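Take a look at the structures listed below.
Presented sequentially are two complexes of subunit A, the first with subunit B as partner and the second with subunit C.
So, the complex of A and B:
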């Protein structure tokens, strides 16, 4: 599942900026380093984040769904079609530099997916709104960001309802790939048309409730931002600067 | 007392449509009134609410011809489908109800007081900690009504607000509309439920094809 998973882990309790800063730092460091070992460490850090957030079961599936096809493509492109020298990998002779390249690129993608899906699963949109409101971020802009983050779970819930309704009316989901493809029509059309129809009412309701009022929103329960977390975010920033400084000085990992 | 909304020869046409949804309306709304707006499907009842509350054409697009004078500062709106009116950002009913006044920049203590009062009025206090997406349609509709009341609207527009409610909750809602009007707001309710509307309304309008064909007491209009 992609979206917020209520919980009580350290990441759930943290100020929303802290997991965001952590994921942002992992992303930047993943592009600052280029050895498989360093990328492996970044991936490990990203997986640890999901473990600390106690959201591994929710995060692993979408990560695998998104990362595995990419890994396959990278291994074929770089490993099989890459330059010499070649090494034996079972019955295949694969390109050694290509394999290294595939490991680095695939590792980056995996780390980024783990880190950001963990943030999505552990940072409550409501707490993020409160935190950003307390910092004076204009609410209309904020709403656009957060409603985008919550779009996937809302659409999933809606799709599940439509699917149940269509199954009651005789829609069959199994069968050949062609039959499955045909079954998409009765799902996608009502999903898209329903969403468009609802947008009108939602715009009016949200306008009445002040989303476009331009007033500075009142934070009701801004999450506490402890000194330790602020220090951690500064340390993460310095780590990123150090990683890029080393990279551009020719001492990168 | 000066009307809160006054329409003179007002016609409204939605974008991309040639036939006006409202034709030559002469109509006033005053503080303390509960006006039941009824008519067959397509008569323009919803459009009348949107024009009176100032949402059309500002948000819907389209053209408003004629005169519209308005003193409405804080309109509230409730539609028949509560799930389209959720913010999608709040993980508790209390946060959902407090969302509106907080977004308008009302000071924190007043937001909390307004949300508590609105939840009490809509009889959803016991749902305060519930996740809105887990509520039934009827519970959710009462939460949406509370969210509109928390804005302390000077004009409250409701479009078939009892569609999701059981008979007892519908009775309670219409009684509440009367209380809201007695506290000084103007209430416009578009509804096919003429029986309940007749009990709660101080005035009624019957629309047909975008025109007001009757305007008077509920007994005169809804009989």
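So, the complex of A and C:
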């Protein structure tokens, strides 16, 4: 839906852990607060992130595509079908507490989407891998996160080929739900069995690259991690702890 | 973690992420986004399945852009633990044992997802589930009950089909291939 957008904003130049920590903190704080004003501040902070990253045009469209249907459902579930008292909203009489709840929930979702899509647009995957390697993140974790992203398009292409091949052999995709359920087997089995048969080959390829040696890998160009950014990440962590402490002590916003 | 397990976990994650394409082509009212997790649980064990499930959740968010799904990662842990236990008990030996075992997982996973959907998102999550919630709410069912019923209802079918698929995969594995997975519970 959205990928890395090259640029030279402060977020692009920052250590990859900093925008990630910022988005993670916004997500956690969005779940800790429950008043419309507080959630409004979180949404504003998330939008500001996109502005600082200079990726607003790239981020707005996917945010709207993902958030608007949820906003619509929230307004129906909580506004139209919510409890009394009711207030007039155009031609509709909507629930006042329901509308407030819909605003909080919708704001929460919007803030999370803005923050994380901005991270996707501003954090280069290659720099993130370099940063993780420099931090000594085990190869297994890096392999799972990065290599799977390259495997998915290949498996998608294979799934499309199997779909076409089975249709050529007479497999019908339509019909009753039971008939469609039966069609799952001829489509899923070749996909999974074919991939399982390749496991040994991939194990040998990884072994040949010395993955099992256990030696710490050296990053080619690790991104600099300035003291100010490290302090900011600690402050964000403390902010999250403070938000949840206030929430559970009954003083939450 | 040995290399074979690592490659299998990666395969499980890819299956979780790709199978939706087939489900969409068949217009089925299920997600089947945990078939890979269940398969890894049966082939390797719970720890590897948890790794596959959580990685799938993160990558699904990255690929779709919908990061609001992240809190549902806990469901993948429940699925991984349950599927590994079910495999040890031989639930994948036949469709007659896999279907009820998947049905029970549907109840457990749906019961775990419902509070997350209700408290964190007010019941407005994935399109199909929320459509059922809205219909139930419109006929006067309280919101928390509507969220619970729709969440468990969709998961009962989804996990039953997912368990049946994994049982079918394990039974169809050629002996030569099956022999490479010592933990395989057929």
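Methods note: the second predicted complex is superposed on the first by the 180 of 253 C-alpha atoms of A that agree within 3 Å, B and C clash if a C-alpha of one lies under 4 Å from a C-alpha of the other, contacts with A are read in each partner's own complex, and residues count from 1 in each chain.
Convention: contacts are C-beta pairs under 8 Å (C-beta built on N, C-alpha and C of every residue); 3 or more make two chains touch, one makes a residue touch a chain.
No experiment lies behind these values; they were computed from the predicted model shown.
Student: Go through the superposed model and pick first if A:231 touches only subunit B, second if only subunit C, both, or neither.
Tutor: Neither: A:231 stays clear of subunit B and subunit C.
Student: Considering only the touch criterion stated at the top, classify A:120 as touching first (subunit B), second (subunit C), both, or neither.
Tutor: In the superposition, A:120 touches subunit C alone.
Student: State whether subunit B or subunit C is in contact with more residues of subunit A in the superposed arrangement.
Tutor: C
Student: In the superposed arrangement, which partner chain does A:200 touch: subunit B (first), subunit C (second), both, or neither?
Tutor: A:200: touches subunit B and subunit C.
Student: Between subunit B and subunit C, whom does A:92 touch in the aligned arrangement: first, second, both, or neither?
Tutor: In the superposition, A:92 touches no partner, neither subunit B nor subunit C.
Student: Based on the superposed arrangement, let me know which partner A:44 touches: subunit B (first), subunit C (second), both, or neither?
Tutor: In the superposition, A:44 contacts neither subunit B nor subunit C.
Student: Using the superposition on chain A described above, determine whether A:165 touches subunit B (first), subunit C (second), both, or neither.
Tutor: Touch status of A:165: no partner.
Student: Which partner chains sit in contact with A:109 here, subunit B, subunit C, both or neither? Use first/second/both/neither.
Tutor: A:109 contacts subunit C only, not subunit B.
Student: On the A-aligned overlay, A:6 touches which partner chain: subunit B = first, subunit C = second, or both, or neither?
Tutor: Once the two structures are laid over each other on A, A:6 reaches subunit B alone.
Student: Where does A:73 make contact in the superposed view: on subunit B (first), on subunit C (second), on both, or on neither?
Tutor: It touches subunit C, and subunit B stays clear.
Student: Starting from the residues of subunit A touching subunit B, keep only those that also touch subunit C in the other complex, and list them.
Tutor: 143, 147, 200, 202-203, 206-207, 211
Student: Please output the residues of subunit B touching subunit A within their complex, sorted ascending.
Tutor: Where subunit B meets subunit A, its residues are 50, 53, 55, 59-60, 75-77, 79, 81, 83-85, 87-91, 95, 98-108, 111-112, 133, 144, 147-148, 151.
Student: Looking at the complex, which residues from subunit A come into contact with subunit B?
Tutor: For this pair, the touching residues of subunit A are 6, 124-126, 129, 139, 143, 146-147, 150, 154, 157, 198, 200-211, 213, 215-220.
Student: In the complex, go through subunit C and note every residue touching subunit A.
Tutor: Going by the criterion above, the answer is residues 1, 3-4, 6-11, 13-15, 17-19, 21-23, 25-29, 35, 39, 51, 55, 58-59, 61-68, 70-71, 120-124, 127, 130, 133-134, 137-138, 143, 161, 165, 168-169, 172-174, 177, 180.
Student: Which residues of subunit A touch subunit C in their complex?
Tutor: Its residues touching subunit C are 1-2, 27, 31, 62, 66, 69-70, 73-74, 76-78, 81, 101-102, 105, 108-109, 112-113, 115-117, 120, 140, 143-145, 147-149, 151-152, 155-156, 159-160, 163, 173, 177, 180-181, 183-185, 187-189, 191-193, 195-197, 199-200, 202-203, 206-207, 211-212.
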